[in-house]
Every structure is written in C-alpha cells, then in structure tokens.
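What follows is chain A paired twice: with chain B in the first complex and chain C in the second.
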Partner chain A sequence: MDATVSTHWSRNRPQPTALARFFDNKAVLVIICLLPAVGLLTVFLTYPLGLGIWLAFTDQTIGRRGVYVGLENFEFLFTDPIFWNAVFYSVFYTGVATIGKFALGLWLALLLNEHMPFKSFIRAIILLPWIVPTVLSAIAFWWMYDPQFSIISYIFVDVLGWRSENINFLGSEWPARWSLIFANIWRGIPFVAISLLAGLQTISPSLYEAALLDGATPWQRFRHITFPLILPILAIVMTFSIIFTFTDFQLVYAITRGGPVNSTHLLATLAFQRGIPGGQLGEGAAIAVTMVPFLVFATLFSYFALARRKWQQGEGND
Partner chain B sequence: MAFNITRRDFSSLGAALGAGLAGAPAFAQSNIQRRDVPAPNLAIERGATLRMLRPVRFVQPDEEVFRANVARFAQQHNIQVRVDFVGWEDINQQTAVTANTGAGPDLIIGFGDAPHVYADKLIELTDVAEYLGNRYGGWKTLAQRYGKRHGTNNWIGLPFGASGGPLVWRQSAVREAGFQSPPDDHASFLRLCQALRRNNKPAGFALGNAVGDGNGFANWLVWSFGGKLVNEDGSVGINSRETIAALNYLRELYPTFVPGTIAWGDISNNRAYASNELFLTSNGVSLYFSLKNDPATRPIADDTQHTLMPKGLASVSPMAGLTLNAMVFRHSRFPNASKALLAFLLETEQYDPWLQANLGYWAQPLNAYNTSATWTSDEKVSIFRDTMDTEFYNGYRGPITEGTAAANADYVMVQMCAAVASGQATPEAAVREAERRAQRFFRRR
Partner chain C sequence: MSATSAPEAMQWDSRARRVVVLWVPLGCFLFILLFPFYWMTVTAFKPDAELYDFAQHNPFWITSPTLAHIRKLLFETSYPSWLWTTMMVAVGSTFLSLLASTLAAYAIQRLRFRGSQYVGLAIYLAYLVPPSILFIPLATMVVQLGLFDSPFALILVYPTFLVPFCTWLLIGYFKSIPYELEECALIDGASRIQILTQITLPLAVPGLISAGIFSFTLSWNEFIYALAFIQSSENKTVPVAILTELVTGDVYQWGALMAGSLLGSLPVAIFYSFFVDYYVSSLTGAVKE
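Up next, the complex of A and B:
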C-alpha cells in the first residue's frame, strides 16, 4: 500500500488567490450575507411603508400626482366625525373581541388539554374556523346576518315562532357592531386555543402531582401553576391577536362595507374606502398612518404588562 | 342597478348566440336609418398595433360579438388590435395609471367621468363624434354630457352606452294596492308604498353602501325634489331647501320599505325580489332576465313591469345611467387607427349586433339605434331604450370632475339619506354632514 500517491505535496498551504482572500474577508462576508435580507426588507417593507407615510402628507389622488400639503390631511381627519367613529370602533372592536377570544380560547384550551376520546381529531376540527379563508367565513356570516335570508331569523321566526319579524342584524349601529365582533371572536378562538394548548402541554405534570399531594383545589392549581406558566405564551399570542384584530379588514368589508352609515368602519376599512374607491390616496394613507401609534402602544402594553418576568430573561424565579 | 347577473342565468342564451355567431348572424334585423355623410379622413397608420381596455362582459355574447367586431376591423386594415377585458372595480385605477404614466393601452372604454378627469391626456374625438352624430340622428343628451368637455363642443369621450335602473315592480301587487302603475308624483307614490306595505307586499330601495343601487335611489330622491349635489359652477349645492324637503319625504317613505334596506348591497334587492319578499324596487334589466330564464321564477318575471322612476317635481324622470365612455390617449402612436376603430364599432354593422347581444343592459348613445331590434324583442325591456335621454348624470348639475366620481364612490348622498331614514340624524344635520364631505371632494386644488 502506497499512501503517498499525491505527487504535489508541499508543507505549506498554497497562497489563496485574490478572489478567495476577498471572500474570506469578514467585512465582505457580513455585507454579502446581509444583502439579500436587507434588500428584500428595503424593497418590500421599508419602501412601501415610507411611501405610505410620505403619501399621508400629500394630497395625491388616483389620477393625479400630489403635492406636499403638510398636516392638512390630519387636520381634516381630526375634525371628521367619521374618522373618530372609526377610531372608537377600532379600539372597541379590538378590546371586546380580544377579551372574548381569550376568555373562550383559554377555556377551550383547558378542555382540550384533558384526556378524552378522539383527542387529535377534535383538536384538528377546532382549527377549522381559522383555516377557512376569512373572506369565505365572512360571506357565510353575511348570509347569516342578511335582513331577508338569515338562517337565524328563519329559526326564530319560522321554526320556533318566537318572533314575528326577522332580526335586523346589520340595519342599525349597535347590532351591526356586535354582530361583527361576534364573527371576529368566532374566527379568532381557534388560534388562541391551539396556541395556548401548546403552552399548556409544556407544563410538567410533576408540578400538578406535587400540588395534588399538597391538597390544592383545581382553582388553586390553575391560579398558581397553569396561569403563571402560560403567561409568556399568552403575552405573545395576545400581541399577535391584538394586531390582527386591530388591522382587521376582510370581515368588516365583506359583511357591512363599514355601514350602516359608517358606524362599523375600522381604521383599515376606512383607509381603503377613502384611498381606493374614493380615490383620495393621501387621505387614505393618513388614516393608515394613524394606526401606527395604536399598534405600537398595544404591542408594548401586552409585552410589558404581561411578559415582564425575571425568569423569562434567564434570571432566577419570580 | 345590478351588475350582478350570473353567467348561469345566460348560459343557454349565450350558447345559442355563440353557436349562431360561428355561422350566419343570429340577430334579428333592425331597421336602422342612417344618412350618408362623408366620413372623416383618417389615414390609418401602416403596421399599427392597438391595445384596448374595456370592462368585462356581463353576458357571454357581449364579449364574443365585441371581439368579432374588433377582429373584423383588424383584418380590413391589416393591423393588430388586442382587447383586454378588465374587472369593473379595476378599470378606473387602470385608466388612472395609463393616463399618469403615459404608457399602456392606446384606448380605453372606461366609465362616464374618466375622460373628464384625464382630459389633458386625451386626443379630441370631435371629428369622429360629429360624423357619427350626423349619420345616426344625433347624440342623446346624456351622451353629449359625458362626451363633450364641459361648456364646449369639443368631444373628449365617445359614449358606447348606458345602463339604467328604472322601477321594477310586480303588476299584481301594484294593482292590489289600487294603482295601475306607479304614479309620477311624490304624494301618490308614497300612498302606493304605504298600501303595498299594508298588503304585506312592500317596496324597498337600497340605502346601504351599494355603489349602483344606493346612489341610484339617493340621486333620484334628491333630484326629484329639485336638489343637487353640485351647482353649475362646480361649488357644492347640496345644502338647500329642496334637499331637506327630499329628506323629510324619505322619513315618511322609509317606514314603508321592507326591513333591512339600510344594510343592503347591490345584490340584496335582486335576491329579495326573486324570493317574493319585495314587490317594487329599482334595478337594471339584469334582474328581469335572471327571473325570466329560471323556470322557478318565471311567474315573477311574467308579473314584472318596468317604468321610469317617478318624476316628482322634475320635468323628466330623474335617473342617471352608468355610462361606458371611450377615450384615446395622447401617448398613442396610432391616433387615427384608434379613432377609426371607435367609429367602426359604432357603425350599424357592428353596433347593432353588440347592442342586441347585451339584451338591453346597455342602451345606445345615438338616436338612430332607437329602432334596434333589441327594444322590440321583449316589450318589458323597451323602456331601457331611452336610458340616455336624460339631463341627469352623476354630479348633476356641475362639471364632471374627479370629485364627482369620488363623492359617488364614497356614498356621500346615500349615507345622507340613510342617516335620516334610520333616525340617526335630522335632515338638517345630515345635509350639513353631506355638504362637509362634498366640499372636500370638490375643493379647488
């Protein structure tokens, strides 16, 4: 056996070429590796966002290039009752729907965490409302809330005979608002439930066993073991949920288009209505920009209020 | 006005027409009178290639006939023409981009106001328009309004047709209420609606965010009392005694409606009418055809009549049609070919089959086509013939501007009416709110 077949063996590593040295340079590597990510973010995130913010300070319409008008759009919006109504409803919608989704979602997660027959199958079924494209479920709700053809009205009027006329879900302010909130909660529960279920399953059973030995009641076990341990995941899920709800568009647009008389406009639907069908791009952009402070506040709130635990940052116990 | 006819409703008819097109034309012969006047001398550029946009068909034969017409033009002049059909919601945006970038299609058939918004990006079509007007008995009032630049005789658009939304009503229900047909004055019309309601066969008009039906009803209401959104000089004129009278009338009229019309979209009245929940409304011809072509609803169609919206205080029925308006862009390298194509499409050999293919959904802009077989094929459709014989248009009585379209799309008039009907606002407050919103759309820039 001849182990030294190689004819060109030398003690020293050959001098790398200039190209190789160039690519071995750490600074160059950093730039090259970052470039795709930075490029994508710039083109698809920073530029549109910047353009949107710029448009908010112009009077651009669809069909005409705008000029810089300073805060004119915002000054108009702050005197516009329709805008303030949209601010109110966006906050109300987000607040009520989030509370509803988390109360019911947490409850559902706790139920799903129990042992029961067909566990996996049921868990899969639960996800359905969330998997169905929003527009489809919105159209289903649109039919259910229809003034003439609502299945709910049909049951109450024609089957049970409890009412003499159809329920007018979308015909006046508050019923329309609650109807949309109900649809949003229905759609949002699975996301919350499945996410919290994942959190529940990371809790070690030994903690519950220890609590049982100490004679803890179910409520005490929930209050002192379950709840603190899923709080971190709760905070993350809530942050996402608040952002999704606040920026909701499809449900409202498909079911009411902001009606009756603008009472169910969210900031997102109002921005679209003014910007695209109404053609007032500048004003629409201004409405969209006013959502940013709300979203930053909501994110910071759920992050700091719910998630500031020392152990989360890798230090001792709470 | 419903833009919501489904293909299913027309599939059988479409198949019949489609089959007919392949061989001899399947269309009835119309007796269109035209004069021989010299055509404008348009030297078609050699090797021209045209690109055209238009809104998508609402029945299959629309597209087939249109494509066949265009193909014939291309063949005759040995040039290339490409037609793209664009969704109704997108055509305004695509027109805007085309106008602003100075690139893209040579010509677009858009909606009524577009040529007025982009007037300085378009070439004048006066020679073609005058030729067609002379040849075909003159342009109708609405066509002149949408075709000519405000206050001039210079044509910047060539209207291709308009779709109207008159009253659609059940003969049996109106008779039962003690009327032969819907009356023309406000007081009697109110009595009719009250009687319909008593008989549990109510009327109903969309007051929700429905671009077609909602605006159609709100405009009718205000116009029929002599009110208007915009004054002749372009200033906002909604805050007037007439508008307030109209809204006070609505307060009496609205309780006679079937419940829920404040939440209605463009399709809602079609569904309610087809299921015997609604007996008088306003809509385009599509509702009638979808009823007629479905055996299950055929009896409703047989009982259905169309009449113009009540005149009220106006001298003619205050209805505006949604208008197709063609324009040629200045950036086109083949302006003559573009103009020649538009003129070609409006000549009898092309236009009449197209009109018939649309079954009355679009009504002609030129008087001579009043005798088209379209309007005799079914007497219940004949009322749509005169859709363009009206002095009313969206944005009446001011010049047509981008504010016109924006106020329409933002439901300024509809929401003024809905706020009063639902009791959320007094007529005075609702009018002031509409004025505030309209002033922003019509502000000078």
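Up next, the complex of A and C:
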C-alpha cells in the first residue's frame, strides 16, 4: 500500500501543452470568457440603441433608406395631440400603477411574513400572475372586460344588484384607462410582494423585540424599523418597476391597442403603431427616443440608490 | 376563575383579530390574483351555449364541460407548430444566454481583472434598456441580416435581456462559493479551465438552474420582438399567434381564445411548479445581490 503511494509521489507532474498554457493565461481567458456576452450585447443592444437615435433623425420608412432630416420628426410630434396624449397616459399609467403596486405589494409582503400554515404553497401560487405570459393573462382580462359578457358586470348587476346596466369597461376613455391600470397592478403585485418579502426576512427579530420592550406601537415599529430597513430593496425594485411600467407594451397592445380613439396609447404602443404597421420607422424611432431621458433619470436614481449600499462587486470599494 | 378567563378572552380576541388582520386580506389577495386563471379555465371548457347565456347557466360553473375549444385549437389551427416554435426559441436563447453569462460572470467574479467592476456595471445597465426602445432599430437590423420572419432572429435577440439578468444572478452565486476551493485546486496544479469545469460549475448548479428556468420563462413570455420580427403564421410564437391569428373579425371566439391562453400558460406553469424554490430564490437573489 505504502509502496504504491510513494511511486505515485515520485512521478513527474505532466507538463501542460502549449495550448493548455495559452488557455491558462489570464488575459486570454478573460477575453474568451467575456467575448460571447459582450459581443452579443454590443451587436444587439448597444448598436441598436445608437441606430435608434440615428433613425429618429431620419425619414426612413419600411423598404426605403432614410435621409437625415434633423429635428423634423420631433417638430411634427410636438404638434401632434395623439403624441401628447400618449405622454400624458404613460406618466399617469406609471404613476398610478406604481403607487398601487407598491402599496398593495408591501401590504401583501407584510401578510406573507406572518407565520401561517401552507406558507410556501401560498407564496408559490401568488407568483402565478407574474409567471404566466402577460399577453395571455391580458387576454383573460380582455374577456373579463367584455362589454356584454363581462363576469365583473355580472357580479355587480345580477348578483349584487348595485348597477342596472353592464359596465362598459373599454368603450370610453377613462374607464379604459383605469381598466388597464388595474390589470397592470394585478400583474405587478406578486413581483413587488415577493421581492419585498425577501427584504423583510433579512430584518433581525431582535429589533422588534427591543421595540416591543420600549413600548412601540405597531405603526411605530413599521415606521422606524421595517420601512427604513427595506428601503434599499424598495428603491431597486421601484426603479425596475417604474422603468418597465413606463415602457410597457404588451398589456395595452393586447387589451385595447391604444383605443378607444387613441386614448390609451402608451409611448411604446404608439411607437409600434407608427413604426411597424404604419411603416414610418423614423417617426416610430423618434417616439421611442423620447422615452430615453426618462429612463436615464430612473437609471441614475437607481444607481445612486445602489451606490449607497455596497452593490455587487463593491466588497472592497464603495 | 377570573384569573384564567382573562387570558382566554385575550387569546380569543387575538384570534379574531388575526382573522380580520391576516386571513381576510390574504383571502382577498388570493381571490383577486387567482380569479383570472379560474375564469380562463372555466371558459376554456365551456360549450358556447353556456358561455353566452348567463341567465340560464351559472357563469361560475360548467354544467356540461366540453373539449370542443381545445380540439378546434389543436386540429383546426397551427397551434402545435406555434408551441413548437416557442419551445425551440425559448430553449435556444436560454442555452445561448446561459453559456455567455456563465463565462462572463466567472470572468467578472473570479478572474478579477482590472476594471471588472465596470464591466459588471455596464452589464447591469444593459438590463435597464427596455425592449420597447430597441425593437424599431432591431427590426431594421433583422431585415438587413436576412433574418426577418425567422425564429433565429428571436434566438439571437432574446439574450439582450437574458444575459444581463443571468450574469447578475450568477455573479451573486459565484460569490457564495468559497474562493479557497479554487486556491486548493490551483495549488494541486489544475488549470483555470479545469477549475471552472470541475470545481466551480458543479458547485454552481443551483444557480445555473435558477438562471436557466428564468431565461426559459422570460423568453416564453416575450412579446414585442416576436410581434415585430415574425410575419408568417407558422413561425409565430404562442403569445403573438393567439393575439394575431385567433382574434378574427368582430366576433371573438372567447372559448378558443381562453383555451389557447390556458394551453400557452400551462408549460410555464408546470415548469414553475417543479422549480418553485429556484424561482423564488432567484427572484429574491437577483434583487438582494
């Protein structure tokens, strides 16, 4: 037994081949490892981003190369009431839906943080609206908002008897706007709740015990312990939520396609409508570009919120 | 007697309070969050006669369930081919982005070159660029590359939102694997590639699964690129096809639409039920990290 071990030890270590040594070089390895990700993102993300900004200053249409037209697209858009309506609804939609999602999501997270039977099962089914393809649940909402056979109207008219006629959810401006916001909140609650729940679970119970001993009321415990401690996660989740609500497309496209009378167009759906079926790529790109300042603002907000906590690689530096 | 009844009354009080404060709101949340799925399922199996007649039949229940809508979907439309395309695109783009992001995350977290944090930050910023502002220039690129109307365009484009997410998830995961293990391997004479394939990757399998199922779900659910880049009916993905091919004319076939939505949601829902813990941990992990 000993003899075999000693022969193993005395054997020379095999020398790596030139190829193996080449791949063990750190600089080579870094380049090889980063190439697929950076390559994909440069070609399909950074370049199109630049191309999109260039297109916004051209009059390109489908099938015809555009020429530089300066600010013409923007000048046209700024006199277009449909565009201003889309700006208004994008801001309104983002604002109301974000407030709704975060108020209800935080409430749900606080509820889920309690001890209860079937805890993990309840958590699992709560994420369903977020897992299922948005367009498909949007179609379910569209059916629930049907003017004639809406189940919501049925409950209000035939079961509860609160109204005498069906609710016309998508037929006129404001009901359509609110219906879409409701669907967006419905879809956003699970993501917010589960992310915030993760934040809640990192709070040490001893803080609550100390507060209880000091005679803090539930509201004081929430205000002075829970809220400040989940604020960093809240800031990140909110940035993501704001960015993706502002640039939302699927829900509106699936339920109303911008109607009735263009009242529910978001910037993204208007850009699509003018750009792809309408063929005015330049104008569509210009509408998309007007979303950029907003995104830059939200990203900076996120960056500074993140920079305060040691974010990702920031172990040694801050 | 009074000494024992007081705490009992308190207990009763707190139990009633718990019902009002916890169970009633939770029940409302669950009802509202799950009702659309119930409604989708009920509609998918209802015969048309019941579907449009609330006076004769209770709309919340099905008296004579039928498979007519599903049969119509499977045999009279190209639904199976839509499902197949969606599956191929989701698997292809998941594989591509997992490959790219595992390597990138390993380089950023473990190879520790100068400026690695800035590469990490740039990849994070890439996640904040929404598809809504990229689809028009990407559509012109896809046409120029001759990939218009081809599922390959989707496989190449989906990594733009999958790679940033997966990279960040995996950076967090690699960070949790002790660096000492790699140092031991280095001392034993392993090359960096051997370390990656034999030490780090096997330990990162849960992270890879999280990233994989997330990518799969996100590409299954993707809509705007698939809507803009695909024109012919048989190459469409399920979400796009249901909205553009099944909605015909002014009379909506709600039974077929709901059956299509149900069948299109089922693969991700089943997938989800197997990997719930991974979903929850990756969702929370990506936010925490």
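The criterion applied here is as follows: the second predicted complex is superposed on the first by the 252 of 318 C-alpha atoms of A that agree within 3 Å, B and C clash if a C-alpha of one lies under 4 Å from a C-alpha of the other, contacts with A are read in each partner's own complex, and residues count from 1 in each chain.
Quick note on the criterion: a residue touches a chain if its C-beta (ideal position, glycine included) is under 8 Å from a C-beta of that chain, and two chains touch if they have at least 3 such contacts.
This is a predicted model, so every value here is computed, not measured.
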First, second, both or neither for A:A18, with chain B first and chain C second: neither
Contacts of A:C33 with chain B and chain C, given as first, second, both or neither: second
Touching partner for A:F149 - first (chain B), second (chain C), both, neither: both
Which of chain B and chain C A:Q273 touches, first, second, both or neither: first
Partner chain in contact with A:L111 - chain B first, chain C second, else both or neither: second
When both partners are placed on the shared chain, which of chain B and chain C touches more of chain A: C
Chain B versus chain C as contact partner of A:P260, first or second or both or neither: first
Contacts of A:I131 with chain B and chain C, given as first, second, both or neither: second
Chain A positions touched by chain B in one structure and by chain C in the second: 146, 148-149, 276
Chain C residues touching chain A - in the complex, by the definition given at the top: 22, 25-26, 29-30, 32-34, 36-37, 39-40, 43, 51-52, 54, 59-60, 96-97, 99-101, 103-104, 106-109, 111, 113, 116-117, 119-120, 123-126, 128-141, 156-157, 159-160, 163-164, 167-168, 171-172, 189, 191-193, 217, 220-221, 223-224, 227-228, 238-240, 242-243, 252, 254, 257-258, 260-261, 264-265, 268-269, 272-273, 276, 279-280, 283-284, 287-289
Residues of chain A defined as touching chain C within the complex: 13, 16, 20, 23-24, 26-27, 29-30, 32-34, 36-38, 40-41, 44-49, 51-52, 55, 60, 104, 107-108, 111-112, 114, 116, 120, 122-129, 131-137, 139-141, 143-144, 146, 148-149, 151, 154, 158, 186, 189-191, 194-195, 197-199, 202, 233, 236-237, 239-240, 243-244, 247-250, 253-254, 267-268, 271-272, 275-276, 281, 284-285, 288-289, 291-292, 295, 298-299, 302, 312-314, 317
Contact footprint of chain B on chain A as seen in their complex: 59, 61-65, 76, 81-82, 145-149, 165-166, 168-173, 176, 256-262, 273-274, 276-280
Chain B residues touching chain A - in the complex, by the definition given at the top: 89, 92-93, 95-96, 99-100, 117-118, 208-209, 211, 258-265, 268, 271-272, 275, 277-278, 402, 405-406, 409-410, 415, 418-419, 422, 424, 433, 437, 440-441, 445
